[in-house]
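Next come two complexes, and both contain chain A; in the first it sits with chain B, in the second with chain C.
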Partner chain A sequence: MIPELGHFALILALAVAVVQATLPLVGASRGDVRLMMLGRTAALTQAFLVVLAFGALTQCYVTSDFSVANVVANSHSAKPLIYKISGVWGNHEGSMLLWALILSLFGAAVAIFGDNLPDSLRSRVLSVQAAIGIGFLAFLLFTSNPFERLSPVPLDGNGLNPLLQDPGLAFHPPILYLGYVGLSVTFSFAIAALLEGRVDPAWARWVRPWTLAAWCFLTLGIALGSWWAYYILGWGGFWFWDPVENASLMPWLAATALLHSAIVVEKRDALKSWTVLLAILAFSLSLLGTFLVRSGVLTSVHAFAQDPARGLFILCFLLGVTGGGLALYAWRAPTLQPGGLFQPISREGALILNNLLLCTLAATVLLGTLYPLFLDLVTGNKVSVGPPFFNATFVPICAPLFAALAVGPFLGWKRAEIGPALLRLRIAFAVSIVAAIVAAVAIDGRATLAALAFGFGVWLIMASLSEFVGRVRRGRLSTMPRAAIGMTISHAALGVVVLGCVGTGAWNTELIRTVKAGERISFLGYELTLDKVEALRGANYIADRATLSVTVGGKPYTTLTPERRMFITPRRQVAETSIHTNLLRDLYATLGEGDATQGWVIRLYLNPLAPWIWLGAAMCAFGGFVSLSDRRLRIGAPRRTRPMAQPAE
Partner chain B sequence: MLLLLALFTWPAFAVEPREMLTDPALEARAREIGRTLRCVVCQNQAIDDSSAEVAHDMRRAVRERLVAGDSDAAVYEFMVARYGDYVLLKPPFKAGTLLLWLGGPLVLLIAGAALLVAARRRRAVPIPATEPLSAEEQRRLDALLGR
Partner chain C sequence: MTSNRLLFLLPLATLVVMAGFFGWSLLSGRDPAAIGSAMVGKPAPRLEAPSLRAGEPALDTALLKSGKPVLVNFFASWCTPCLAEHPLLLRLKERDGVAIVGVAWKNKPEEARASLAKLGDPFTRAGFDLDGKLAVDWGLSGVPETYLIDANGIVRLHFRAPIGPRELSQILALVKAGS
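Moving on, here comes the complex of A and B:
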C-alpha cells in the first residue's frame, strides 16, 4: 500500500502545483490578496506531498519491497543500508523524484523565508516555481513512474551499480541537485521581476542568498564528483571533460557570472537587464544538463531517438522554459530602466570583464559538449571532442580571468585608476613570478605552461591576501562585512584549486609494474614491498586485497591496501584504490590483474598537491557560506518607501 | 552525474605492463599519443584510460608504429587512416570543425566589441546631473545623519 500512497501523493502534488502556478499569478495581477496568499499555502502543501512520495519510495527501498519494479531494478537485499537509501536516487526515476523533491522544498523555503518580499513578487515567484514543478511531476507520472508494481514478485533485486556503492557518490547527487535546482529560485525571481516590470537593488538583495546557496552546493557537488572519479577510477585523473561533467560545469560557470553581476545590480543599480538574462540562462543550463544526462542523447543521438518519450519530454520542457523565459525577456527587458553610470575602469567594469570571460568559458564548454551531437545529426560525421580540445580552448581564457580577478577587488566603484591598484599588487606579482620561475627551474627544468599556471595559482592566493591585509591595515577588520571575507576566502581558494590541478595534472609520476609477493619496488624514495594478496568477502562482493608496506629510509612509513572487488549482483569488477595523503601529495596505489604465480599488476602514482583540488573547492564553497551569513542578507532589504510600480498587465 | 557510470562499463585497468615498451623514451611518446586518441568503442575515453579490448589493440598498434621508427605525426596519420578523424580527441581544424574551434573566441570578440562600443557611446553622453532631493527626502536624510 505504501507505494500507492506515494503514487497518490505525487498525483495530488501535481494538482496542487497546477493551482499554485495559476491562481497566485492571477491574484498578483489583480491585486487580490487572498489569491496571492494561496501561493504560500500551496507551496507548503506541495512540498509536504512530494516529501511523502519520496518517503514512500525510500521506505520501499529500505524494506526491499520487490513488488516495486524500480526497487527490483536497482536494489538487492544484501546491500548495506546506506546504499539501499542512496539507491533511491541512484536511478532514473528516483533521481527525477529527488529533483522534484528539492524543487518543491525550495518553493516551500521561499514561502517560509519570503516574509520580507512584497506579496505580488512572492506570489509570482511561487507560481513560476510551481510551473517548473508541473513539468517535473508530469514527467515523473507520465514517463517515469517510480512506484510501478511488478507481478509476479521476484525473490531478489538486480542490485545497484557497484560504482555507486561508495560513500562519496552516495551523497553526490543530492548535493549537486541542491545546486542545480537552487538556480530555479533565481530563475523564478527573474521571471517574476520581468512580470512585475522592475528590477532594483532590493530585488538583487532578495535573489542573492538563493543564488549564493545554489552556487555553494553546485561547487561542493562538482568537487565531490571529481573526488569520487579520482579515487575510484584507479589512475589518478580528476577531471575528464566528459559531457556529464561539462553538464554540471556549465551552470556553475553561469552561476558564478550571475553571482558577480548581481552585485552590480545590488550596489549600483546597473547591469539589470543582463543579470536577469543570466539568471534565465543559468537555470536553462541546469535543465540542459539534466536533459543531456537523463535523455541518453550522450550515448548516441540514435539511442535517444529509439526511446524518445522521456528525452522528448525533457527536450520540449527545456525548450519551453528557456524559450518562454527568453521570449518574456525580449518582450519585457526593454522596459527595465538602465541605472547607475560608470567608467570602463571601475569595479563595475571589472565585474563586466568577469562576466564576459566566464560566459566565454561557458560557451566554449557548451560548444565542445554539443558540437559532436549536432555534427552527427546534421552531416552524419563523427568527431570526438576530448580533454586536449578543452586544454587548448578553455585554459587560455582562464589566464586573463585570473589576471583580472586579482585586480578587480582593488578598484573602486564608478571610476577608478588602474595604476594604484597595480602598485598595491606589486608584492603579490613579485612572489608569483618567483614561484613560476622556481617551478620552471626546479621541477620542469625549462619554461613550461605548467610553471606559468603554477605562478597564476600563487598570484590568486597572494592577491587575495594582499587585498585582505590592506583592509586590516586600514583598521577595517572589525567592520568588514562577511561578504568581503567570503570573497577573499573564495578567491584565494580558486588559487589553491589551480595549484592542485597543476601539481596533479602536470607533475605526477606513474609506475606500472607486475609484482610477486615479497617483491620490492623503489618509487621516488619510497620502498614498497608487496607483503601478500589475500581473498576476502564483503557484504555483497568478493575481493582480492594487496598489502603493500611502505618504508622511507628503512623506517616503516605506512601500509597501502588496494583492493579489486568483484560484485555479485550485478557482476562487475571495481578497483578500490588505496591513498596515503600528507595534504601535500598523494601516494596512490591500485591493484590490477594477476595471480600468485604470474604476479600482480600494481599501479603507483605520486600526485603532488592533489588534495588541494578538493580542499580548495571546499574552501571555495565555505567562502560562499561565509558570505551567505552576511548581516545584510539576514536583516533583509530595506522597505520601499515609494509606492509600488503598477503591476504588469 | 549517474550516467558517468555508463561511461566506465569496463573496469578501469588501462595500460598493462606486458604491452609497455622497454625503451622509456619511446614508451613516454606512446603514452603522450595514447592520451589524445579515443578508444573507438568507449564513450569519451582515451585509449590509455580504457581497458576495452579495442583500446588494447590500438595501444599496441601505436607502439608497433613507434618501434618501426614512425614520427608522432606519422602515427596519428596511420590511426586516422584506420579509424577516421573520430579517433582524435582533439578534432582537426578544418571546414567541419570551424565553428567548434572559433566559436569561443568569436563570442569573446563580438561581446567584447559590443561592450567597447557601448562604453564609447556612454562616454559621449554627458552624465546628467542627479535630481536634487525632495524636501521629504532631505528631511529623512537629516534625521538619519542626526542633524
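Moving on, here comes the complex of A and C:
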C-alpha cells in the first residue's frame, strides 16, 4: 500500500509540474495575475507530493519491505537504521528521487521566500523550475521507478555497498545535491530574465542568495566527499581527479565565477549577458555530472547505474535543458543592454580577471575529464588523464588567481590605483615570502614549487587579514556589511585549504611494513608497537582490528586501531583507517592483508596540515552562510527604476 | 552585428558537438571498462616453450614466421572459460584449417595432455609455460587469451576473453585476407 501511495504521489507530482510549467508562463506573458499566482500553489503542491513519495520510499527502507525491488537490491534487514535510511539515496532510483525532492523543495522555497520578486519574474522562475522537474519526474516514472514491486518476496535484501555504509557518505549525497540542484534556481532565474528581456541590478540581487546558498552546499558536499575518500579508501590522498570528482568541481568553479560576476551586475549594471551565460552553464555542468555518473560513458569509482537507455534519456534531457537555455541565450542575449566600459585596474576589472581564470580552470577540468572519452571514440586509443595532467595545468592557473584574489578587495569600483592597494598589502606580501622561504629551506629543499604554493596559501590568509584590519582601523567594523565579512572569511578559508593541500599533497610521508604482533615500527619520531590483531563481529560484517600503541620519546602518546572489515552482504572488504589528529597533522594507519604467522601489512602516513583541507572548506562555506545572512539580500532590494517589464512576446 | 550574433551561438554549438560525442559513445556499444591491448600492431614476442607432446621439438619463434597467419592460444585445463571456447578452436582447425599454437599456462603438462585427449586437440603445435614467464612477454592477464599473428609476424588481434562467434568471424576475415 505504502509503495503504491508513493508511486501515485509521484505521478500526481508530474501532473502538477506540467501545470506549473505552462500556466504561470502563459499568465506572465498575458499579464494574467490569477494564472501567475497558480505558480505558487502548484510549486507548494508539487513539493508536498514529492515529499510524500520520498517519505513512502523511506518507510519501505526503514521497515525493510522486501516486496519493493529497490529495497531488495540495496538494503538488508541486519543493517543499522542510519544506513537503512541513507540506503534510500545510496542507489540510482532513490538518488534520482532525492534530486526531484530537492528540486521541488527549492521551487517551494522560491514560492515562499519570493515575495520581493515581481509577479511575472517569479511565475517564470517557477515555470522553468517545474519544466526541469518534469524531466526528472518523467525519468523516474518511465525508466527508474523506485517503487517497483517484486514477486515472490525474497527473505532478505542484497545489502548496501559497504563503502557507502559510513556516516560521511550518509550525508554526502544530500548536501551535494542541495548544491547541484540549488543551481537550478539560478538557471531558472537566468531563463526567466531572458524571457523577460531584462537583466538589471535588481535581478542580480535577487539571484545572488540562491547562488550563494547552492554554492555553500556544493562546497560542503565536495569537502565531505573528499574527506570520506581520505579516510575510507585508505590511500592517504584526498583528491584523485576522478571523473566524478571533476564533475562536481566544474559546477563549483562556474558557480564561484557566477557569484563574483553577479556582483558586477549588481554594482555596475554591466557584464550582464556573461552572468546569464554563467548561470546557465553552472547548472548545465551539474547536469553533465549527473549524465557522466549514470550513463556509463566513463568509468569511475562512482560507477553507478550503467545503463545506456538511461544514459540516452539523461542526454536528451541535458540537451533539452541546456540546449534550450543556450538557444534562448543565443536569441535573446544580444538584445540585452550592454553595460559601460571599464578600467582594467578597478574592482570590476579584478572580478573579470577572476571570472576568466575560474572559467579557464573549469574548461581545463572539462577537457581533462572528457579527453579520454573523445580519444577512445575517435581513435580507439585508451588513455588515462590523471594527476600529472591536472598538476601541470590546473595548479599553475591557480597562481595568478590567488595573486589577484588578494588584491581585488583593495581596489575601488570604477577606477583604482594599483600602487596604494599593493602598499596596503606589503606586510602580507613580506610574510608570505618569508613563509615560502622557510618552507623551502626547513621542510623540503627539493619541493620548491610546493613551498611557493605554501607561500600563496599564507598570502591569501594574510591579505584577508590585512583587509579586515584595515576596516577595523578605519572604524568601519560596525557598519561592515555581513556580505563583506563573509567574503573575508571565505577568501582566508581558501588560503587554509591551500595550506592543507600543500601539506598533505607534497610533504606527506608514507611507510609500509609487514609486522607481527609485538614488533615495533619507528616512524618519524613515533614508535608504534603492534599489540594485537583481533577478530570482531559487527552488525553486518566481521573484522580484523589491529591495536597499535604509539609512544613518543618513550611516553605513551595514543592508540591507533585500524580495521579491515569484511562485509557479509554483499561480500566486500573495506579498510577502516585510524587517524590521530592534533589539527596540525594527521597520523594515519591502515591495516592490510596478513595473518599471525606471516605478519600484517601496516601502512602509515604522516600528513602535515591535512585537517586544514576540511576545516578550510567548512570555513569557506561558513563565510558563504555569513554573507547569506546579510540583511540586504532579504529586504530592501532596490526597486526597479522603470515600471514592470513588458511581456517578452 | 552578425559576427556578434554568431558569438552568442558559440555555447550552443559547443554543447551540440559534445552531445554528439556523448550520443555516439552511448550508441556505439563500447565498453569503457575494456582494457585495450598494447600488443596489437607490434611484432609478436618470442615463443619459446617446451613441447607438450612427447617426441615433438620445443616451440620456437620461427613457428610464427611460416608465411601464414597463426593463432596463438593460451589455455589451461583448470580454466572453465577455456572449455567454452574449445569447440570453436576445434572448428577453426578442422573446418577452416587455421594453424593454432596452444600454450598451457601454469598448468601441469600431464593434466593439460589429459584434458586435450578427452576434449579433442585443436592445436597444430602445443607447448607449456609452467612458471608463466612466457606469458609475461605476451602481456597475458589470465587464460584464455588468443592472439592472431599475421604472415609477417605482426600481432593483429588480441582477445582477453574466450572467443565467441563474433571473434571467430574477425579471425577468419583476417586469415582469409592473409593467406
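In this section, the second predicted complex is superposed on the first by the 634 of 649 C-alpha atoms of A that agree within 3 Å, B and C clash if a C-alpha of one lies under 4 Å from a C-alpha of the other, contacts with A are read in each partner's own complex, and residues count from 1 in each chain.
Methods note: contacts are C-beta pairs under 8 Å (C-beta built on N, C-alpha and C of every residue); 3 or more make two chains touch, one makes a residue touch a chain.
Model, not experiment: these values are computed from the prediction.
Asks: Examine A:Leu318 and indicate which partner it touches, taking first as chain B and second as chain C; both and neither are also allowed.
Replies: second
Asks: Considering only the touch criterion stated at the top, classify A:Thr514 as touching first (chain B), second (chain C), both, or neither.
Replies: first
Asks: Per the contact definition in the header, classify A:Tyr329: touching chain B only (first), chain C only (second), both, or neither.
Replies: second
Asks: By the touch definition at the top of the document, which applies to A:Leu373: first (chain B), second (chain C), both, or neither?
Replies: A:Leu373: touches chain C, not chain B.
Asks: Given the touch rule stated above, what does A:Lys382 touch, chain B (first), chain C (second), both, or neither?
Replies: Both partners.
Asks: Identify the partner contact of A:Leu298: answer first if only chain B is touched, second if only chain C is, both if each is, neither if none is.
Replies: both
Asks: I'd like to know which partner A:Gly486 touches here: chain B for first, chain C for second, both or neither.
Replies: Once the two structures are laid over each other on A, A:Gly486 reaches no partner at all.
Asks: Which chain, chain B or chain C, ends up touching more residues of chain A in the combined arrangement?
Replies: In the superposed model, B touches more residues of chain A.
Asks: For A:Ala575, is the partner it touches chain B (first), chain C (second), both, or none of the two (neither)?
Replies: Touch partner of A:Ala575: chain B, not chain C.
Asks: If I apply the document's touch criterion, which positions on chain A are contacted by chain B in one structure and by chain C in the other?
Replies: On chain A, the overlap between the chain B and chain C contacts is residues 298-299, 381-382.
Asks: Using the touch rule from the top, collect the residues of chain A that touch chain B in their complex.
Replies: 90-91, 95, 161, 163-164, 172-173, 176, 221, 225, 229, 232-235, 237, 240-245, 248, 293-294, 298-299, 341, 343-344, 352, 356-357, 359-361, 363-364, 367-368, 371, 375, 379, 381-389, 392-394, 397, 512-514, 572-575, 590, 592-593, 601
Asks: Help me check something: in the complex, which residues belonging to chain A touch chain C?
Replies: 273, 277, 280-281, 284, 291, 295-299, 308, 311-312, 315, 318-319, 322-323, 326-327, 329-330, 333-334, 370, 373-374, 376-377, 380-382
Asks: For the complex, give me every residue of chain B touching chain A.
Replies: 1-8, 11-18, 20, 35-36, 38, 43-44, 46, 49, 84-91, 96-97, 99-101, 103-104, 107-108, 111-112, 115, 119, 122-123, 127
Asks: Can you check the complex and tell me which residues of chain C touch chain A?
Replies: 1, 4-5, 8-9, 11-12, 15-16, 18-19, 21-30, 32-36
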